[in-house]
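The same chain A turns up in both complexes below, where it pairs with chain B and then with chain C.
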Partner chain A sequence: MANLDTMMPPVTERSNILRWARKNLFGSWTDSLLTVVGALIAYWAMRGFLNWALNVAEWEVISANMRLLMIGQYPIEHAGRLWLWLGFLVFLAGNSIGIWARGSRYAFLLLLAPAALALAPFGSEPKRWLVALTLTGLVGWGLGRGKPEVLKRSVIAGWVVSLPIIVILTHGLSSSETGFMPVVRTTLWGGLLLTFLLTVVGILFSFPMGVALALGRRSELSVIRWFSVGYIELVRGVPLITILFMAQLMLPLFLPDGWTLDRVLRAMVGITLFSAAYLAENVRGGLQAIPKGQYEAAEALGLNGVQTMIFIILPQALRLIIPILVGQFIGVFKDTSLVAIVGLLDLLGIGKTVLAQPQFLGLQREVYAFISLIFWVLSYGMSYLSQQLEVRLGVGKR
Partner chain B sequence: MRKTYTIFTLLVLVALALAACGTAAPAPSGGDTVTVVETVVVEVTSSAPVVVAPTGYGVTLKAVQERGKLVCGVNSQVPGFGYVDANGNFAGIDVDYCRALAAAIFGDASKVEFRPVTAAERFTALQSGEIDILSRNTTWSLVRDTELGGNFVHTTFYDGQGMMVPKDSGFTTLKDLDGGTICVQTGTTTELNLADVMAAEGVSYTPAVFEDADSTFAAYAEGRCDAVTTDKSGLVSRRSVLPDPAAHVIMDVTMSKEPLGPMVRHGDDQWFDIAQWTVFTLFSGEEFGLTSANVDDMRASATAPEVRRLLGLEGDLGLKLGLTNDWAYNIIKLVGNYEEIYNRNLGPDTPTYIPRGYNSLYTDGGLLYAPPFR
Partner chain C sequence: MQRDAQPQQTTIPFWRDERALKVLGQIIFVIIVLIIGALIFHNMRVGLAKQGITLSYSFFKNVSGFDIAETAFPYDRNSTYWQAFLIGLVNTVTVGSVGIVFSTILGVILGVARLSTNFIINRLAAFYLELIRNLSLLVFLIFWYLGVFLKLPRVQNAVIWPGDIILTNRGVGIPWGIPTASFPTFRLILLFGLILALIVFFALRAYSQRTGRAPLTLLWSILTLIVVGALGWLLLPEKPLIFDLPFVKGLNLSGGKILTPEFMALTSGLVLYTAAFIGEVVRAGIQSVSKGQSEAARALGLNGFQTLRLIVFPQALRVIIPPLTSQYLNLVKNSSLAIAVGYPDVFYVSNTIQNQTGRAVEMISLVMLTYLSISLLTSVLMNWYNQRIKLVER
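So, the complex of A and B:
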């Protein structure tokens, strides 16, 4: 029999919201009754919230502090550098959608998101930047669609160099105030910017480290094996917050002569080390799922150990654990909010300082609701992208 | 075959370790990169002592001047005392003190980097030299003055635990609360003080304890208790966000001493003197009627010897502190006197209004009293 999931329904039954509603919500009189009762219950449960969100809430606290929530105390005169790398990322995203998501008709609509954000109450300058972002993304999309084969390599190269570009643009080059791209000290990094950087650095550096630890744990060389086991069990056995406290409270006491390690860097290292231990175990799970036949087949083909691992085992193992990996990356993203407890002004930390502004006292609900919304949108975005990736790579199908 | 694989793993680990070292470099600022490298080297060669902040007479001022700015540990979450305004600038009474100190040292109130520190890390940050001074609504106590390796400079705000009740309850003394319920945050000295004071007064009450300040005051607002207690500075800022602020009064009782002030490290008396006389300059500025608006005129026309000495027209008081002679003039000119700072952050025109009470000049019945400038 043909696979029923993949068979298209007859043309008349396809994608019509009225038809869908009639079939699913008002199919029979009992269905209709359940729909009406369900809607009433949903309204009753949400009534208080809706009334608050639309009538009571003073959203001015958000619009007045939008800049603070987004980039913290990052100097406004250098904010253009942040827009620049954001534009670079959006351009790459447009390229990638054009190249790899050709089949999907609506994927490019994602690129309109910045322009849609421009409708929100931002200042005129951010609005212009947001529109420019969308244009950049659409140009990238067009290029990607037009010349996919030519651009493929450079887009991949672009993604590889994007982190250094982000760090250099955010941090700056010249130590003098008047020089080219003056340095912006990390004490001024804050808001969503800091959350984003902590997350990206945490994910990108913990991933290779986790893979190495997973391989190390399966190594036959006992020194490496015991090191890996020891590291994983030690780090996994303590909460992230204690690692962050150690980094912020204990480490300075051991540094000689008043030298200080950058606080943001300390948090990044802490998050990376912590995440790597968890990742190692996830990767090990993937490695164990690869049947012995794969190793034997690789050997039969004349591949050596390194080649077997790189070309045969790891690709299959990593593909298997994509859902787990994404789950963990989302976890890292949300865990970064713990740095607020050690005094860094990330999205949550800066939210707390906004609450201390005398003219906005007592608006906890508005601020926390907004922060939750940002976390949800970005987490869901990561989850959605991973689902697309799973479909493309056929995870769970073969 | 297996061997190659393990060697490969080893290589990957080594490469990663190198990569981690390599990637650590770009994040800190240009100057700091060098320090990071040095740190590693020193740590390997010597078993360093635990507390290693720059100590000794004059070291801190020199370090600050070489750095070109003051690093000040502040709170970022207390209305009126230390917070970040919508433009991204720090504000508050503790923050303005840091600006005054920067004005004294550099003649430029903006040469200060504010470092938000949490309650837990503030003393470590001070000891390790990450901050030059701690100005973060910190209560002066014996343990902090000794064991924690700090010296309190002077009290800049006299706080104390107070009690807020609904106006229509008619309660005016603690005795009136006999048999009542009092909302209090758990695990704080506030809770212990309440128990001590009520035991001393012989008043029985039921404490309703909550994990954090928000839920404590939410419970009070819902009428779940007859009174709520915390430091007066907290009560005032919380009252302003109750549904009807005018319906609540703060009793005229003070249940604890909470002298708040800046703190410096042990071991550098010059730095202590500078920090302390900056506070006294703020007090004296108010006492002598010097404000940021009139200090230029006063400098041109002042005849009182002490004012002339304060403003650097006579004598060399500033030089004795290791600063320039116009240090006090700069404080008043660029930041203002104590009254100006107070009114800017906690005055009647702000949502965080706290009556001055003890925080008035001694001539007005308060506790602010500066030694003579001579």
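So, the complex of A and C:
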């Protein structure tokens, strides 16, 4: 039988613009009415927005405070350390794209993003760094393409150690002011830098905890099962902000005398505890989708319970829920803005500082629109990439 | 095979007996949890004792000494902390219920629009959903509050929308009914109408189950209520409600109902945000009903509306209800972000109490317990509804 997709439609149904408009815009009189109303709304909203963005808005508040919004009060003389780990990440990303996205002709264009950002109103030094980042990424891409088999292991190792590298470079090593990489206290971390760190730490630490809770919820041991159920339902029943307040106010009370946690660390603990409960439910969904035959087959091969979980069940279950996990990670990223309420200077919190400057009073729209834009671009970018990845890898379709 | 080699062994040592190990493991787990819990509790007791605090809720009877902008029942700074807490609770429930109603309406519209064959409507809905779903709710709420509602014109240059809605940076005035002397009677009439509507509802359902016909049950019951209400309104000698229009009086708004910028920003922000997620839920639900179902319905001679009402909608509802429940729960939990726009919900009021009294442990546990109860109540209700409509499998 002929393939229906490749068959040409009859002449009368071939599209041309008028026919398309008649079918999709003016099918009936209600349809026409909706089209007109919709077009009016779109036109009105578009005109209002463009008029504001191009004529009314005073964008100097953003360009003048770009550094504050990006890294907060992080000392400028140590900012090179941040560029260093950013370069490391971009290099790894270039490597990964070179190795794993060989099929895609356009994936490497992603590495040009820093160069595109250099067109934004940054100072001249960040611009030089951004161009250097692009070159790093492209070199990494070239190496990854050239020697994929050699580099595979080192790239994976690189991603594994990237978090410690980021934290060490950001935090610094020696406590003296003049020593090698002096410590930058967490109170100075801010802006997008802090948002990024909170997100990454929250995701990475909540992952093992969430998997453990999901396994606990499916455990045959009733004590462990009830403990997991209790934890998951308790955390999912309360808003994140109460957990963040608990972490800020009650966590210091829970610790023995003399132990202290700084405020950023407390927020990280709060986000991790919160995110783990949601992750556990997602992982449980993946576990439930694995057919019983897989367990039986593993048992027949002589694997014990732990081996079955690690080698047979979890890899399949986690692969199934990759799209859901990406969605949850985007959620964590968006939720980190709540730390602004407990007084941390993340991207949202620093906005208040920017607006407190006397020359920029009353520019709330510009500042918060810019912050929204950053959140939107990064969230949308992540979900778009994961969709592309799903299509390419056929995740969830095996 | 091991067992074949030594068949005489009937008991195995307990450290290799799986059942014993399981019990042992659980006991060890409980002990660890108890030790950690005791340590935490001990540290807390010692820490609090240093500050001279013993855990108790007796401070709830003390005078609060702070004002609350929006109160559902009489409250002033001489009232107790307990009353302040209740005010916050009522405000949370208000925002939650108003938010749920409006976000459901907007969400259903968005979900249906997303599936429209009309190109422009479809694209507009898709654009809205993508725009909102990738924003951080807190940033959105703050933008909405500081960038929109507080940037409305001053009272002197108030914007007046058709229907006597006055928009100013001091709040939004809407027309509101003031009860008159005959209002209690009217309330009784409405109650009677409600009972009658319920009778009609159950009678029609019984009729439908007996005969297999499908009368418009909900429509007829609502009509009954409306007719009774309208009759009462017309027949009472004095109108039960007088419509009070808002107007500008000096530097303030007066008359009607004045909704504060905080309430408006919080509620409309939550509605706009949650509606985007509900829209996706509705779209997925409608798409989950296979096309063959509506084609079969058409083949049986049902018209478009009947197909939607009797075939597509009931099946879509089964898919929609569970995720819709979690969106409702999210809305209620997200209403705690009121603290960012200064609306006195239960979390904001509790935070004020905690700042004044230093009772962090008591207040945070109480707030958590409150949200937990609201969440549980909502999910119990929705689960009950879900049980009723779910597919009866044979």
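As a working rule, the second predicted complex is superposed on the first by the 343 of 398 C-alpha atoms of A that agree within 3 Å, B and C clash if a C-alpha of one lies under 4 Å from a C-alpha of the other, contacts with A are read in each partner's own complex, and residues count from 1 in each chain.
One rule holds for everything that comes next: contacts are C-beta pairs under 8 Å (C-beta built on N, C-alpha and C of every residue); 3 or more make two chains touch, one makes a residue touch a chain.
Quick caveat, the model's predicted, so the values are computed rather than measured.
Novice: Could you say whether A:Phe311 touches chain B, chain C, both of them, or neither, answering first, second, both or neither?
Specialist: Touch status of A:Phe311: no partner.
Novice: After lining up the shared chain so the two structures overlap, which partner does A:Ala42 touch, if you call chain B first and chain C second: first, second, both or neither?
Specialist: second
Novice: In the overlaid three-chain picture, which partner chain does A:Ile241 touch, first (chain B) or second (chain C), both, or neither?
Specialist: second
Novice: Quick one: classify A:Ile224 as touching chain B (first), chain C (second), both or neither.
Specialist: both
Novice: First (chain B), second (chain C), both or neither: which does A:Leu338 touch?
Specialist: second
Novice: Looking at chain A, which partner touches more of its residues: chain C or chain B?
Specialist: In the superposed model, B touches more residues of chain A.
Novice: May I ask you to decide whether A:Trp52 touches chain B, chain C, both, or neither, giving the answer as first, second, both or neither?
Specialist: A:Trp52: touches no partner chain.
Novice: Considering only touches as defined above, state whether A:Trp159 meets chain B (first), chain C (second), both or neither.
Specialist: Neither partner.
Novice: Between chain B and chain C, which residues of chain A are contacted by each of them?
Specialist: The overlap between the chain B and chain C interfaces on chain A comprises residues 220-221, 224, 245, 249-250, 252-257, 341, 364.
Novice: Give the list of chain C residues in touch with chain A in this complex.
Specialist: Residue positions touching the partner: 22, 25-26, 29-30, 33, 39-40, 43-44, 46-48, 116-121, 124, 130-131, 134-140, 142-143, 146-147, 150-151, 333-334, 336-337, 339-340, 347, 351, 354, 360-361, 364, 367-368, 371-372, 375-376.
Novice: Considering only the defined contacts, which chain B positions touch chain A in the complex?
Specialist: Residues in contact with chain A: 1-6, 8-10, 12-13, 16, 19-20, 23-24, 26-32, 35-36, 38-39, 42-43, 46, 48, 50-54, 63, 76-80, 82-86, 88-89, 113-118, 120-121, 124-125, 127-130, 214, 237, 240-241, 350-352.
Novice: In their complex, what parts of chain A are in touch with chain C?
Specialist: For this pair, the touching residues of chain A are 24-25, 27, 31, 34-35, 38-39, 41-42, 220-224, 227, 234, 236-242, 245-246, 249-250, 252-257, 330, 334-335, 337-338, 340-341, 348, 364-365, 368-369, 371-372, 375-376, 379-380, 383.
Novice: Can you tell me which positions in chain A touch chain B when the two form their complex?
Specialist: 64-65, 67-68, 72-74, 76, 164, 167-168, 171, 175, 183, 185-187, 205, 208-209, 212, 215-216, 219-221, 224, 245, 248-250, 252-262, 264-265, 268-269, 299, 304-306, 308-309, 341-343, 345, 349-350, 352-359, 361-362, 364
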